[in-house]
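Worksheet: one structure, shown below.
Letters A, B, C and D mark the chains as written, and numbering starts fresh at 1 in each.
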Amino acid sequence: MSVLGNTTLKFSEEQAMILDTAREFCRDKSPVSAVREQLDTELGYDTGTWDEMVSLGWAGIALPEAYGGSGLGISALVPVVESMGRALLSTPLVSTALAAQMILRGGNTEQAERLLPDLASGTTATLALLENADWGDTRIGCIVDANGTLSGSKKYVMDAGTAQLFVVLVEHDGAPALALVRREQLADGAISSHTLIDQTKRAANIDFSGISLADADLICGETVATALGDVLLLGALLTAAEATGSAAACLDTVVEYLKTRKQFGRLIGSYQALKHPTVEMLTAMDSARSLLYHAATIVTDETLGKDAEIACRMAKAQATEALLFAGDRAVQFHGGMGFTYECDAQLYIRRAQWVQQQFGDSLHHRKRLAALLLD
Amino acid sequence: MSVTEKELGEFRAQVSAWMKDNKPADPGFLLPQSFMEVGSEQQLEFLREWQHKMWAAGYLGMAWPREYGGGGVEPVFQTIADQEMRRHLVPICFNIIGLGWAGPLIVDTGTEQEKVRYLKGILSAEDIWCQGFSEPDNGSDLGNAQIRAVRDGDEYVINGTKIWTTMGNYAKYMILLARTNPNTERKYDGLSFFLSPMKIEGIEARPIQKLTGEYGFTETFFTDARIPADCIMGEEGEGWKIAMKTLQYERGAEAGAAGGHSFVRVVIDDLIEQLGAYSRDGEPLLQDSLVRDQLVKLIIEEKALSLGDRRAGVGPLTTDYPFSLPLSSKLRITEYARRMRQFAISLQGAAGGLYVGDDEAPQGGFWQRAYFNSFSATIGGGTSQVQTNIVGEHILGLPK
Amino acid sequence: MSVTEKELGEFRAQVSAWMKDNKPADPGFLLPQSFMEVGSEQQLEFLREWQHKMWAAGYLGMAWPREYGGGGVEPVFQTIADQEMRRHLVPICFNIIGLGWAGPLIVDTGTEQEKVRYLKGILSAEDIWCQGFSEPDNGSDLGNAQIRAVRDGDEYVINGTKIWTTMGNYAKYMILLARTNPNTERKYDGLSFFLSPMKIEGIEARPIQKLTGEYGFTETFFTDARIPADCIMGEEGEGWKIAMKTLQYERGAEAGAAGGHSFVRVVIDDLIEQLGAYSRDGEPLLQDSLVRDQLVKLIIEEKALSLGDRRAGVGPLTTDYPFSLPLSSKLRITEYARRMRQFAISLQGAAGGLYVGDDEAPQGGFWQRAYFNSFSATIGGGTSQVQTNIVGEHILGLPK
Amino acid sequence: MSVLGNTTLKFSEEQAMILDTAREFCRDKSPVSAVREQLDTELGYDTGTWDEMVSLGWAGIALPEAYGGSGLGISALVPVVESMGRALLSTPLVSTALAAQMILRGGNTEQAERLLPDLASGTTATLALLENADWGDTRIGCIVDANGTLSGSKKYVMDAGTAQLFVVLVEHDGAPALALVRREQLADGAISSHTLIDQTKRAANIDFSGISLADADLICGETVATALGDVLLLGALLTAAEATGSAAACLDTVVEYLKTRKQFGRLIGSYQALKHPTVEMLTAMDSARSLLYHAATIVTDETLGKDAEIACRMAKAQATEALLFAGDRAVQFHGGMGFTYECDAQLYIRRAQWVQQQFGDSLHHRKRLAALLLD
């Protein structure tokens, strides 16, 4: 058995149609001027665009039909998120989809029936997982006590400013559990916004202390650990999708500049010092894309197996590296222009810094891959 | 076309069983990792016998006409046979210039006489073929070939030098690209294509010793070498067109090749498998975090290469740069191979300083030799630097 | 010349004590890491006060003539003072175009009137100077400057655009390279050098927002701006020669600069010091083998850079390529800085996604900002790509 | 205190003269034709050249005057070895010098007085340290029993074919010790030569079993461990010196080719795809050389301290990497010619593979540097 293991890559006509629609939608709705308009808004996205995405069915695309979704699974979400990454279009789609997956995989039928149809129809949600900067830290400081009272806070909660529902990783009765918190339960001032390096993104610290939970709003039991494991992998996968799209767009931006900018009387793209690293960007992006759609091929609604885990981690590791390289070189290759805020290279280098950390950096994933592949 | 999946499945099982049963035992000397590395009579005879055996069993030339030694079946059978050869890691089919270049050309465009004369010998490995395209001063710029062929009665007189002639010293025939007219406007139009005999007066094939210390290529000197005029393929001036056509056959059985695998693919599994025996600081090497991380990086890279082949077949996933994956494939694969092999040596500790011929060299010096040989692929057929230009210009549209 | 080691030692101790006692407290807002990053009035006023204080204490312009505000002592004292400023990590001397470029030029070649008019204001930080060499379309090709200066009576009329003008919006004066004659045979011969006022009609300095989101440079537009004819340094057509001379002063006090350090050196110690607070997988980050190995690689690289400065001074150890170390220094240092800073961000986990302005950003977003700012050095003053060409051609003698 | 620590670099006039003499000597005696003539000889070097080196005083240059040396220390040997590396000149100089250092640092006065003057005047010697390929393995399988009888064998013994004296790392009485074995004590067939990838080098397996040692030929006690530690570092340092010289010569070879070879109508050195990596070779070699002469500045005859250990390890790590890169690119940049045995690039790529392993590869040294610098 080869260490390469599963190397299937399939892409259905349905996925192809979704990719087509999504790329066109994102290109139309999110030209770079629209991206820049959102950089210092509070929400970071245009609610009209979000509503249209919801009406296209993307909020529920990965959810079972029983809960108002399209039943197409995460593999149908990947081309949408890649297209968003390509257009640097930020919306609460990924946060909402991941929160929904956590409920789907961890919660009981009552919870799924009560909450998922709303999410599939555009109610925004998000995950609250981290309590410090370490994605590999498994300790949980947020507690739900025997009376159902929450204490503790979470950091780096994506799209906290817009989410109506928070799926909060907590400890209850000595075991990991998930608290389902509605926005209106938050105390005044509970949310304090982060300043992110990627200005297209929004995240916040949230203090959940004092919130009282009904029994029905607590997910406990063995499903929590597997759901958490799965969602961390799906988070890595969707981040990889976004990063791969952004890397491709960054490459396009560089290529465009290299084809039009002259220096010392020659188009700068004719210099091998720029041409060859740009080819490296291409091959790194190509690798990321191959790994991404392989992962999209094998993740399912079931608990993720070893192959899927390997695939998600590889996709994230490669996409991260591809975008970090592309963003860095994009600034350099734009010369003086690249050093300005006005130049789009800054959007990609900033996205790259955020992407590398979200759901664990490439070191984090390679360390786990080593155990999966070599032990 | 009328072949069923069931038939193919049965055929695969049959080839697989045959390969398993007939795979030769380790001969006790190093075998070539590719057809460019046949450097001794011993290796040559071993490989000749093996190819003959595969042909006799019906697993080579399967899609070539029966009357010339072929099997007369659909190419897909050959593709399957080739896959099984690779999978069972059987020795290579060394006569690949015949099987994959000259042969298909003759099948496609040769005269009846040529077919009768050449095809069976190619398949049976009786006649070894070599290739005379590169010249010492032209690198990979084939169109600039300078070797001269001058018509003199019913002969051509050849003068000049070819280089990187695979097995030039063993070959009976060469596919030769030579200039019959030095005065054409476009340099390509002065070239002609010959099926030249090699064992004649005026041709000296001087073996080139490689980086590895082994042989495999010759520099081939033509001094008033006289070959029959009917050795020409097509007309005078059609050489470039025919040479380009020849290169198409490299794509395998479906493109007309007689099959057989011409190089041993070295994969990351080969390396990982052996690492169990290595140690570092007295502990198993595979427990070292840094080694593990490097291996994982390589596995990711190799997996991405492999998945790239799959994705290249999925139209909707290649819309940005449709030919990016196939056109960059040589560059990506050969550079990966070089780095992976170099890394393999670095893991061997003091034993990494041993070489082929030392009893204690890990895997007989396999990785050292493989690393050195990897340059034939990062240099030959367009250096990686030239390949990168090609990708940058043809795929990304960057200016020349 | 007549200065003794003892005097120098005593002086060093004295400066050191002063720096220690007078180093300003953290102002509660981010200070610029270099003179190219002064982006707010708040920063400007803070730095102006600090430079004035250093000058008043006698630690700036030490080798300049006493009659113009200088100290009139040997340059070696200034060199020592500069070293102590860096060692004590005091804030930078932001007015460096005055202190290190315009000032020394005026000291060396200015008229009495120019010396009286400009030098003291440079030292006291009352008059901020900027530099007008680069233009939007010429990259670092200064000789190709297109901005026009046309003599009209006792004025020159200036039209055109400069870019990357450091503190162009705050500066009172600019050293300006402009074309007085567009018809010379060699493009260099048409250039002249001016000490131009900035706060006049027809000059608009539009701040450029940087990658970091901060400011520090302007694009500077001249529209029929009229400056007195006596602003010219030297004669018409001597601009290129004077500009080249100006660049020499960058080499520090011994070359005539008034001293002061103009950027904060970021060293690997700064990074390692902070890592104690970081964790990975719930364990201290500094226990992670991969992180350790990366840090060691960077330490080796930084140590080699530092030792390179020492070796450059040892003749017998630089015989192969005598100017290799100094000429490649900018390339090596700036590329190292970029990679080191990028690596620093990668260690921060989720906090690496935070930025300047976030209370929880590690070191206030220092590394994120430092990484982004590092491109000013890998791009400005000749991109790393151009620098590599220069080293390849001038040191190794490779063809252009 | 900066983690960079000690950054002194001094080079005396005496060293400068030695460097000058050595470079000229090596250039004269070891043009590449002479190097190639030795590739398949038994000894691998020209004894006449060696005799001249001895008469120049280099065999004893690092030994105290009391033992017939010049008393200039290892720092004077570094420029000689660097020059040898530059000319690919192999002789038993390094082996002999390291064996002498082991006796000097580990042995008693009687042993030093008895053996070192011979080594200073040209008797060749070598170390026998390894029993497997792992430079980090500290177990010792060679035993000297209570009767003074040796058992066990050693691998990778450099210059075994010519050495008259072997300093063998053994275990005696449960502790590390050093056995001093004269060539004539070896059994017939005890030496079996290795085939090395660097054909300018010679090494062998040696079976020492059955040899009887006089008490005076065994070095025991606490000095053994410190001497061993020091000599491993000095071995790394001298290997670094040789590698740095070879990297510089490899660079020269590449530069020469790039300045004369044309392709597609242009000198190939004008292509940035070749020019820029060649500049990388230069800067890597420059770094190696700076670290090398820093280390040469601070090693002394005393037990090596932390600064010296850091310096030796850094020099080895950097020189290894510089030569590996240079050798690899030298082959590639010579194109088809680079793939031939006739091209000198092969000499450097082979040297690089040997150098990377000798006295531990860069991973080995960086791992130890991490402990020295970060703990």
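Remarks
Just so it is clear, a residue touches a chain if its C-beta (ideal position, glycine included) is under 8 Å from a C-beta of that chain, and two chains touch if they have at least 3 such contacts.
Please read these numbers as outputs of a predicted model, since none were measured by experiment.
When every chain is reduced to the mean of its CA atoms, the largest separation from chain C belongs to B. Of the two chain pairs examined here, B-C and B-D, it is B-D that is joined by more C-beta pairs in contact.
Centre to centre, using the average C-alpha position, chain A and chain D are separated by 52 Å. Rounded to a whole number, the gap between the C-alpha centres of chain B and chain C is 57 angstrom. A straight line joining the Cα centres of chain A and chain C is 40 Å long.
Contact of a single residue of chain A with at least two other chains is seen at positions 271-273, 276, 363, 367.
The multi-chain contact residues of chain C, meaning those touching 2 or more other chains, are 289-290, 293, 385, 388-389.
The part of chain B that touches chain A in the complex is made up of residues 267-269, 272, 286, 289, 292-293, 295-297, 299-308, 310-311, 314-317, 320-321, 324-325, 328, 331-332, 385, 388-389, 391-393, 395-400. Every residue of chain B that touches chain C in the complex is listed here, in rising order: 289-290, 293.
Those residues of chain A lying in contact with chain C across their complex are 130, 132-139, 155-156, 194-198, 201, 203, 205, 263-264, 271, 273-274, 324, 328, 331-332, 335-336, 338-343, 345-346, 349, 353-354, 356-358, 361, 363-364, 367. Chain A contributes residues 2-5, 7-11, 15-16, 19-20, 248, 251-252, 255, 258-259, 266-267, 269-270, 272, 275-276, 278-279, 282-283, 286-291, 293-294, 314, 317-318, 363, 366-367, 369-370, 373-374 to its touches with chain B in the complex. Residues 271-273, 276 of chain D are the ones touching chain A in the complex.
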